[in-house]
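Please find the structures below.
Consider the two complexes below, in which subunit A is the common component and subunit B and subunit C are the respective partners.
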Partner chain A sequence: MRRRPVAEWRLLARAPASRAIVIVLLGLTAFGAFNGAQRLDEERDEIQAALAADRESFAGRRAALVELEAGRTEEGQFGSPRKAHQAILGARRPLMPSPAELPVISAFSPRPTPSLLPVGILTRHSDQQAGLEDPTNRLDGPFDLIFVTTWLLPLFALVLGCDVLSGDRERGRAALLASQGTPLGAIVISRLVVRYLVLAVPTALIVAATVVVMEWEQMPAALPALVAWLMAFGLYLAFWFALAGSVNAVARSTASAAIFLLSLWVAVAVVVPSLAGAIVSGIAPPPDRLQGILAFRDIEADLNRRRDEVTDAYYAASPENRPIVQGDEYEEYFVTELYPRQLAFDERFAPVTDAMEDARIRQARLLRIAGLASPTLAFTLLSRDLAGEAPERRRAFYAAADEYQRRWRQHFDHKLASMRPLTVLDYDGKPEFSVSPEPVPARWKRTVLPLLALGLSAAGAVFFGVRLARRATPFGGPLHAGG
Partner chain B sequence: MFALVARRELLLQLRDGRLRVALALLLGVLIAACAAGWVQFERSMQEKGSFEDGARDQWLTQGERHPHRAAHYGTYVTMPEFGLAFFDPGLRPVAGQTLWLEAHSRPAFANVPIQDDQTLSLGPTTVSGSAVLQLLGGLLALVMGAVAVSSDRESGVLRQVLAQGCSIRNWLIGKTLGLAAILAIPLGAAGVVIIGGAVAISPESVRADAALRALFLVLGNGLLLWVLLAVGVTLSSCLRSTRVALTAALAVWIGVFVLAPRAASALAEVAAPTPTLSAYRTAVIGAFNDGFDGRGGYAAQLEALETETVQRYGVESLADLPIGFSGIRMQHMDAWSAEVDDREFARLESIYASQQRVRMTIAAFAPYIAARAVSRGLAGTDWAHYRHFLTAAERYRRNMGGQMNALIEERLAGEVWEMDGTDEDWATVSPLRYTSPSVGWALGRMATPLALLLAWATLVVGVCLTLAARRLRP
Partner chain C sequence: MLEAESLHKSYAGQPAIDDLNLCVGKGEIYALLGPNGAGKTTTINCFLGFVRPDKGRVLVNGNDPALDNRRVRRSLAYIPEQISLYGWFTGVENLSYFTELAGERLSRQRCESLLIESGLEPDALNKRVSGYSKGMTQKVGIAIALAKEAQALLLDEPTSGLDPSAAYEFSRSLRALRDRGVAILLATHDLFRAKEDASRIGIMRHGRLVHELAGTELGHAELEGFYLEAIRD
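After this line comes the complex of A and B, so read on.
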């Protein structure tokens, strides 16, 4: 009995079709890993370049201010490091979210949480352009590890597993097999286990190697996520092989088994997630961007109409910020008009953006529940979450960015609004952005439901599959159990 | 003779309960997807209509402000859709739906639905009428073809038929035509829904165009199903058993429908990488500041403009000008921005074109990619249509900016900047009137995928069936 898997492995290794399937899958997995790694490298390069440019820019301004204060240079009309409305008002600082655990498994574009967010006194991060990628490419979706493991791998599993017993029945060998003393059920299970290992082990190794290479510097955070993902992956693949076993137990021909299994793939991987999506979208609609834009413009136009009132209100609340010099028309506009208006705007627009973030999170929560209906959906959601695409992470980042913007404004508020000259201390004491990782319980709470859904699906399918396989007969059909 | 074979095949297939169930399922899913698409389309039209009205109203009633700030406040327009978008929404989920028309910047489609709606990216493809017809109809065509010949060979029917004097070639053609008649059932039903829907949903002025688009769309999908059927029949004839033929057909389906589209896009991106947004913006700013093709950057141009304007008006300095120099400056800045934008955007477009060539090269082996491009093109939801609207919107934006700059030039004198325009001034900017391109234009833009699909449907199918007739042994 113990030798059976070894014998099955040898048989499988000898079949050219099986070898070809495994080689093709490994090639595709490697290509998916390459795409994810390339995308991540590009993002990291972009972040490094933005950070370097930010450092250089502020160091340059500070050095210019030192020169100016020492009397070695003269102040020009524009670009003065001493005037906050020239040096700081338009400046944007690059903010990064806390690193995701397994970003390399996804090349999804546009990323739901931007990898880089420019924030300054006048920025509004409510309307980011998605990127320049050809929309036709975006529609097809990325060829990444999530695509390979979620949608392609089950198809390969079904192709490898569709004839574990039905092929023998078709060739008339099933009765002979059954007469050898080993129950057909045991044969089916050992064949499936061998095929499972043949697909799971190399794929898992490629994913793990990619994660280790790309996330080496933050392995302590990535490791638990990698373990959780591998566990989910194992359960997900087990579900599909268990389905193949169940169908083989009853199918009389490979053709019927293959068609039935492909229909199941279409149902579980395409139809159910789409249906679930439609239902969830009905119960928890996505944030209405168009209404968001109209609200944005309404507030903007209203504040513009009441601009004098807004300016008066600001200086009445902060009399110490009244300008100490009479500015020119540009300064009057940017400092005494636009700046107070921006503060008033953000206060009024914040509930709209909060409602939009809430809508995203509500939808994500419902989708996680819907994952109970389809292991593909559960696995997709789990993978994307570990890749850093959960809306909760986006909200946490945007909240941190808002808080940073508040501190940034507060730091320069007095000098900017009163048009007092900046000093080196203002530059040296400027606030820096830091975002702490999500609290561990909140972070892992999100993965419980998809993992549970995968565990239940796999356990149910394996239980059902083993039960049917044990009753398998040389002729097919569960009613023939026991001969 | 083959007409007889085709009739017999049609009757036999219709008697097959499994096929009837498969057809009923396909039709059910197709109708459900079309109905969902219809509801989505209507809702989208309503939302866009009310959004555009709101944005126009906001432009008209923005109150007093500087015309240049009004140009920055700008306005919004949304991508108009043809009625056929209910069947094939194409790029809708992934391309932005709105364009913000503001001063200095070429608009870019923003507010991408897939960014906000997580339910749109749950499957390997977006579910729509066209996806159902192409993916599931394609699967049915391949499976029917793969089973057709080998099952008759294995059961001995083929031997009997040939013994009655029917040639293999005639039998094969007849059998393929009979199966094609079966596939015409879901295709015909889809045709009724598509043409009827397109005519019903389109305004009267474009109804004929919509009907023609719908007709070509049905024919395009028909060609895809025909090709897949022929491939299935060839596999069935050339491979030794139904089991092997079916496995091969499923492998073809996975390769063509699941693997090839993403692989094509990924390879296109590898072959011609799209610049990042920040790299693109840096290039635009660089060209604006530093100039190109021997022309100086903006600062040098502004200096020359100042000198030239002072000379033209015969005054001592800009402050003595009888017109508002800031209006002239803004006009020049916008014109220079437009040149820079056109240059950089043309570069981006050439990258898109290179990517399209990679996709079409792969489409030569995977007809689904070509069929999908044809379907989107006819539904008006491909990049060519988005680009057409983008060009019209950009023209409108430049004109709007020009009007605002003219106000500054007319109403001010010298170097003064501050002034206010009123709601009456904003009303002089008429709304964007956009004429959608015709079906002829659309067909012209999809020449390559159309040619590929036609080549598959004629040459490749001919070669396949000839090969099948030669290789087939009873």
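After this line comes the complex of A and C, so read on.
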């Protein structure tokens, strides 16, 4: 009994077609890993470059201010480090979300949660990424590990598993096999287990090695995510092999088994997720970008119309911020008009962007429930979440960015609006951005449902497959293509 | 060793076996003759436990395959009409694989000696089976039976498609197994080989055993005439 998998392994390893299938899959997996790693590497380089530029920019301004205060240089007309509206008004600081656990498994670009968000006094992060309105439109993607493991791997599993018994029936070998004393069901199961291991182990090793190499510095956070992903991957692959076992228990030829399994793949991986997406979009419509743009324009037009009223309201509420000097036309416009208007705009536009983020989160929650109907959907959602693409993460990042902007404004507001000169202390005390990772229970709550969906699908398919396999006969059942 | 008692089996109301009684003792070759659809293969499938009888029972060394399938199959060997092995395996590897399914683990030397004993040429042992002739694959089938040390051998038209010399060699292997005490039930259309090899011959028609005679009872020509008479409607 214990030796049977070894015998089945030898049988599989000597078959040229099986070797080719496994080699091709591993090549594709390695290519997917390379794409993800390259994308992540580029992203990290961009972040490092932006941070370095930010540091150098403020260090340069501070140094210029020191020189100016020491009387070693003279203040120019533009770019003065002493004038807040010149030094700070246009400055945008690069903010980064808390690191995702397994970003390397996705090469999706642009990321749904931006890896870098420039935030300054006059910015309002609105929805800049077209095509993100409806997450159900994003069920496929670039050639990365998610694509390989979610869509390609099941096909390879079905190709490798479609003839574990049907091929023997077709070639008249099933009766000879069954006459040896080992039940056909046991032969089918051991063959599928061997094939499962042949696909699962090298693929899991490639993914794990890629994650370890790319996430070495944040392994404490990446490791639980990697374990969760590997569990999900194992369940997902088990589901497909169990389907192959069920079909083999009854199919009389490889062709009929392959056609039936391919139809199941289309149903589970394509049709059900699309239907689920359509239903979810019906129940929880995606954020309407057009409405967002119209609201943006309405608010802007209204504030433009009432510009004096807005400026007066700002200075009435903050009399200490009244300008102490008469600025030129340029200064007057940016400081006493544009800045108060931007504050008023943000206050009115924030509920619109919040509603859009809420709509995305509602959709994502419903899609996770819909994952119960399709393991492909569940595995995609779980993988994308672990890659850092869940809307909850995006929302948390934007909330942190808003909070940072509030502190940034608070720090420079008085000097900017009153046109008082900046000091070295203003530069030294400028607030820095930090985002705390999501609380662990909230973070893992999102993973539970897709993992449960995968567990239920795999358990159901394995249970059904084992029952059918145990009843397998050398002659097969009703699935019969041709003669 | 092989017993069928009042065996009945129908498919969609059509009787495939109708009150069949037969017994094959140790060291005996029993040839089942009959036209296509006479019930020969169904009889063999009943002994293998692939088909469950509607009535009656079959016994292999006293065990009913319906009750203890695994034990019955371990004591049986079976060679189908079109024996198909794994083409990318050598003869030795095929033998090793099938005997592992039977719960045996043989050394390479043992596999080789069994295949040679079955009549396979030594230079063919480590060649891929995809290049074997039908006669050569039949010999691997015999080697599987030898390796299992089966007490009974069931053969379903084993010589169909074999050239006369290969059929002769195959018969020689069967007689060697018989001499070791193996009970052999052979379903065949080959009257000549049945007459040459079998100690008893049963003629089936419409699922019934219509005649049973000793192999030595008639000459070749008489057997043919008797057979044609027996299967005539």
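Criterion: the second predicted complex is superposed on the first by the 464 of 483 C-alpha atoms of A that agree within 3 Å, B and C clash if a C-alpha of one lies under 4 Å from a C-alpha of the other, contacts with A are read in each partner's own complex, and residues count from 1 in each chain.
In this section, a residue touches a chain if its C-beta (ideal position, glycine included) is under 8 Å from a C-beta of that chain, and two chains touch if they have at least 3 such contacts.
Just so it is clear, the model here is predicted, and its values are computed rather than measured.
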Touched partner set for A:212, first subunit B, second subunit C, both or neither: neither
Which superposed partner A:16 touches (first subunit B, second subunit C, both, neither): second
Partner chain(s) touched by A:281 [first = subunit B, second = subunit C, both, neither]: first
Partner chain(s) touched by A:180 [first = subunit B, second = subunit C, both, neither]: second
Subunit B versus subunit C as contact partner of A:172, first or second or both or neither: second
Subunit B versus subunit C as contact partner of A:4, first or second or both or neither: second
Which superposed partner A:360 touches (first subunit B, second subunit C, both, neither): first
First (subunit B), second (subunit C), both or neither touched by A:473: second
Most subunit A residues touched (candidates subunit B, subunit C): B
First, second, both or neither for A:380, with subunit B first and subunit C second: first
Touching residues (chain side subunit C, partner subunit A) in the complex: 48, 50, 69-70, 73-74, 76-86, 88-89, 93, 96-103, 105, 141, 144, 148, 154
In the complex, subunit B residues that touch subunit A: 29, 36, 47-48, 51, 54-55, 58, 61-65, 69, 73, 76, 78, 90-91, 93-98, 100, 108-127, 136, 139, 143, 147, 242-243, 246-247, 250-251, 253-254, 258-259, 261-266, 268-270, 274-278, 280, 348, 351-352, 355-356, 359, 382-383, 386, 417-418
Subunit C contact footprint on subunit A (complex, rising order): 3-4, 7, 10-11, 14-16, 171-173, 175-183, 187, 473-475
Interface residues, subunit A side, partner subunit B - complex: 28, 31, 35, 42, 46, 49-50, 108, 110, 112, 116, 127-143, 147, 151-152, 155, 159, 162-163, 167, 170, 253-255, 258-259, 262, 266, 269-271, 273-274, 276-278, 280-281, 286-291, 293-294, 297-298, 300-301, 304-305, 329-330, 333, 356, 359-360, 363-364, 367, 377, 380, 391
